[in-house]
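Shared between the two complexes below is subunit A, which pairs with subunit B and subunit C, respectively.
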Partner chain A sequence: MAIKRRDLLKLGGLTLIGTAASAAVGGVYTKPQEALKGSRWALAIDVVKCKENRATCGLKCVEVCHSLHNVPSIPDKKKEIKWIWEEKFEHAFPEHEANHYLNEKLHDTPFLLLCNHCDNPPCVRVCPTKATFKREDGIVMMDYHRCIGCRFCMAACPYGARSFNWIDPRPFIAKVNPEYPSRMKGVVEKCTLCYERIAEGKIPACVEACPAKAIVFGDLRNPNDEINKILKERLAVRRKEELTTYPSVFYLIG
Partner chain B sequence: MYNAGKVIIFIVVLILFFTIPMWLNLGRVEAIPKPELPKDKAKCIESKEYMRAYHMKLLDDWRKQAIRENKHVYVAKDGEKYFISLQKTCMKCHNNKEKFCDSCHNFVVTHQDCWSCHIAPEVAEKWQ
Partner chain C sequence: MIEKALTGSKKYWLWLAFLGTLIFIGFLCYLLQWKIGLGITGMSRDVSWGFYIANFTFLVGVAASAVMVVLPYYWHNYKDFGKITVLGEFLAISAVLMCMLFIFVDLGQPNRVLNVLRYPTPNSVFFFDACVLSGYLLLNLLCGWTVLHAEYKGTKYPSWLKPFIYLAILWAPSIHIVTAFIYQGIPGRHFWLTAIMAPRFLASAFSAGPALIIILALLLKRVANFDAGQKAIQTLAKIVTYAFVLNLLFFFFEVFTAFYSGIQSHQAPIKYLFAGLHGHAEWVPFMWASYILAFIALILLVIPATRKNETTLAVACLSVFIAAWIDKGIGLITGGYTPTPFETITPYRPTLPEIGIAIGIWALGFFVLTILYKIALGVKESKELRVKYQGVLIKK
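This part shows the complex of A and B:
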């Protein structure tokens, strides 16, 4: 008995469906209930408070961030890795050097620098593998699984917020956090605004660690958020505004 | 066929040569890996069969969903919820990478590169 073309096609269709079904769809994915909800996370760093307490704080923000995220401390400056670090005003805002009066006021003032989680991130635009991308809540994320180490993002970032792993970082991690991965040689890394803590309903580690409470974390798009009140009341600047990257890190200088 | 005898002998020799691994391991039952399962846990997040067949797909989906889609919770087929994390979820039960992952992966010579970044529990322990 010859099989009809119609039946053959039907059988073919059934086989396809069967194959797809046997590829066994797993469970479903959702957001944790306790996760913080926001549509553009931002930080406001109170430079005045930061300067006042700098002598006693011991740079807790940097210490906690780096130990929590297994950031190595490599003594060679050319190979160092940093997610958040301290810089003086004249280095953080070199474009203001010509402004003698501002420079006089703020010279030597410590500024905490980190990834600005720009609204218009140049690193994301240049990444050829989409290893770095902007999440819907404004965090500029890193997917290390996809990073090929081309360093385009480092060339594109106007803030020097990205570090490349020139060597295996593991020997330089003194105390490991077993709950967080390290990175490997050949990938670029940076601050991810503690996305893993936000998913657990916690604020970023640097914000929590600061003994002077000089860093405020909040959602710019939420008009009732504390950060919006602070930014309205105080005088806030962002780094290299002229580049129209629209950073999410604000420095309260007055 | 010319030289049928020689040709057939050579074919047999070739077949024997290419199946050397099979002959060498013939009867060696101990070569079959037995990954050490967590003793105090009755089940993994999905059925044994599913995990055996699709753990690599599941892990890849976990990565995509957690990192790229910001969905950090996996709802298993039985409705149980799990926080997506290799180090904080998987390795809390499967607390020995060498005895669990490596025993099979070494056997089938598929070397995962998870552990160049993710930190296995026993590695973390040695580190401290």
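This part shows the complex of A and C:
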């Protein structure tokens, strides 16, 4: 049956009304009541505690994060996807490689690496579609539905924090968590500091999962927050400080 | 004018069929990539750009180099370039087309490519690159086609075209500068974070591009009975020589800064590319091949006798082209990703389907180039007075 001109016009009118209505409704977003509120979320990872408990902790932070966020376990190292992982000091801080004394002290200390949620993030600067962007609370976010997979962000990230779905990741997810979306092939992904948990008033999964309570989560801009107290008392370093990306992940080394 | 491309010798059709076959093979490889994902390539989490982006970068230079024939002709009224100007413009068109295709096949989600325009992001160099590349394509199509069409009609090109020609001349360097900015504005990649990246790109472009035009002109002389003119080719050869000397000098500046400063992290990529690092030497033979070819080209170009001889000039130009392709293509990309941000090395080698797709795109570029050149030469030929008298062809 051929569509009549009159019907087509009706359909057009309806579409217009629908668009106008959605435009009127959209743009009004209020944070849920129970959401945690902060202006620059940060993590302080106590690597001293990590080292002490490494034999017994079973790397719970990695396990919980990856299973919660449907991060696939791809055996091929070149195609692997990781949001948080363990690395040796000389790889986490290669600029200190020549300092044998420091190297010797920290050689056996595990360093948990993840997206640094930089205050001045190069990945956000280079993204051609704003698929990766910085939220008001400092979280560097990913929009998997907008990402075109150009991987400019991966070139720009000086921390190697980003993974690309070279193949369909779904067959490599042992047990799918229906609460969180899995990704498709051809998009970049990374840690999003559990924005979905923060919206429900929960702290990031890695922080909660750590049996040694080695990771502290807090708001850097809130002077009364515990994280500020810890960062003042302890010796804290960040990765590749010289690039002035201002990471939000601190490592407490002493 | 298009009718000129529809008639041709047997060789012409065979050549197109050959390119068509390569395009088809490339397309089949791309279907595989479409289905499985970029996982069919040799790229990895650590080396996340490879052969596609390497070819893209190199071809932007080829596209930009058209300005080296257009500028002298229109700005300095250098009449000897009259016959090859359109060759330069049409080369730019096919090169930009290849660039765009190389970007397209490199995307993980190609069906979302228009997101770049739907969500314009001025702080991203990619956004600017997409803008300047498509602008350059349109400008060259407009200028090349209009001028040729005027010639076809036996008139001078319309005066409204002049501003567009000048704009195209100014636009050409911009595409290559913006492409260099993709790399040189990234923190934490020692091999790329250098202010001389854009000048290096321009120097290698203005040597490799005109070198290709010389090769094409010499080829057309044999296969299409088209003589670009001794003087035009010699002037182009001088342009290639100067630009190539600058290109090698710029590379020397990089090496000097990295090694005299003594900063190991700046030396590491150069060491990896030319000598191997931590037991990895995947690209050493290629880089040395590139620089040996560069050295041969340099000698052949600098000595006037070998520059004036068409055979040695052709060898020199071919060497320049291949040397620049290795150096600015694959060397630049793998050097930027090696060592990784963790100071480790993940080797990269393109896979067969990846190379198949790349060859398909090159074939498509040359397919378009062949058709455009066929039209251009057909128009030029039809304007020549030819009389066949008692079986002897007399040309004026």
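Definition applied: the second predicted complex is superposed on the first by the 226 of 254 C-alpha atoms of A that agree within 3 Å, B and C clash if a C-alpha of one lies under 4 Å from a C-alpha of the other, contacts with A are read in each partner's own complex, and residues count from 1 in each chain.
The working rule: a residue touches a chain if its C-beta (ideal position, glycine included) is under 8 Å from a C-beta of that chain, and two chains touch if they have at least 3 such contacts.
As the structure is a computational prediction, the values presented were derived from the model and not from experiment.
Within the superposed three-chain arrangement, the count of touched residues of subunit A is higher for C, of the candidates subunit B and subunit C. Residue contacts after overlaying the shared chain place A:Val176 against subunit B, while subunit C stays out of touching range.
In the overlay built on the shared chain, the residue A:Ala35 is in contact with subunit B alone; subunit C does not reach it.
In the overlay built on the shared chain, the residue A:Glu136 is in contact with subunit B alone; subunit C does not reach it. After overlaying the two complexes on the shared chain, residue contacts for A:Arg221 are found with neither subunit B nor subunit C.
In the superposition on chain A, contact is made by A:Tyr195 with subunit B only, not with subunit C.
When the two structures are aligned on the shared chain, A:Gly149 is found in touch with subunit C, with no touch to subunit B. Overlap of the subunit B and subunit C interfaces on subunit A comprises residues 184. Taken together, the subunit A residues at the contact with subunit B in this complex read 24, 26-32, 35, 70, 133, 135-137, 141, 143-145, 173, 175-176, 178-184, 195-196, 199-200. Listed in rising order, the residues of subunit A touching subunit C in the complex are 77-81, 87, 90-92, 94-95, 97-98, 122, 125-131, 146-152, 154-160, 163-168, 184-188, 240, 243, 245.
On the subunit B side of its complex with subunit A, the touching residues are 45-46, 50, 53-54, 57-58, 61, 63, 65-77, 83-88, 116-119, 121, 124-125, 127-128. Residues of subunit C touching subunit A in their complex: 36-39, 41, 43-46, 48-49, 103, 106-110, 112-113, 115-116, 118-119, 121, 123-127, 130, 182, 185-189, 264-265, 336-337, 339-344, 346.
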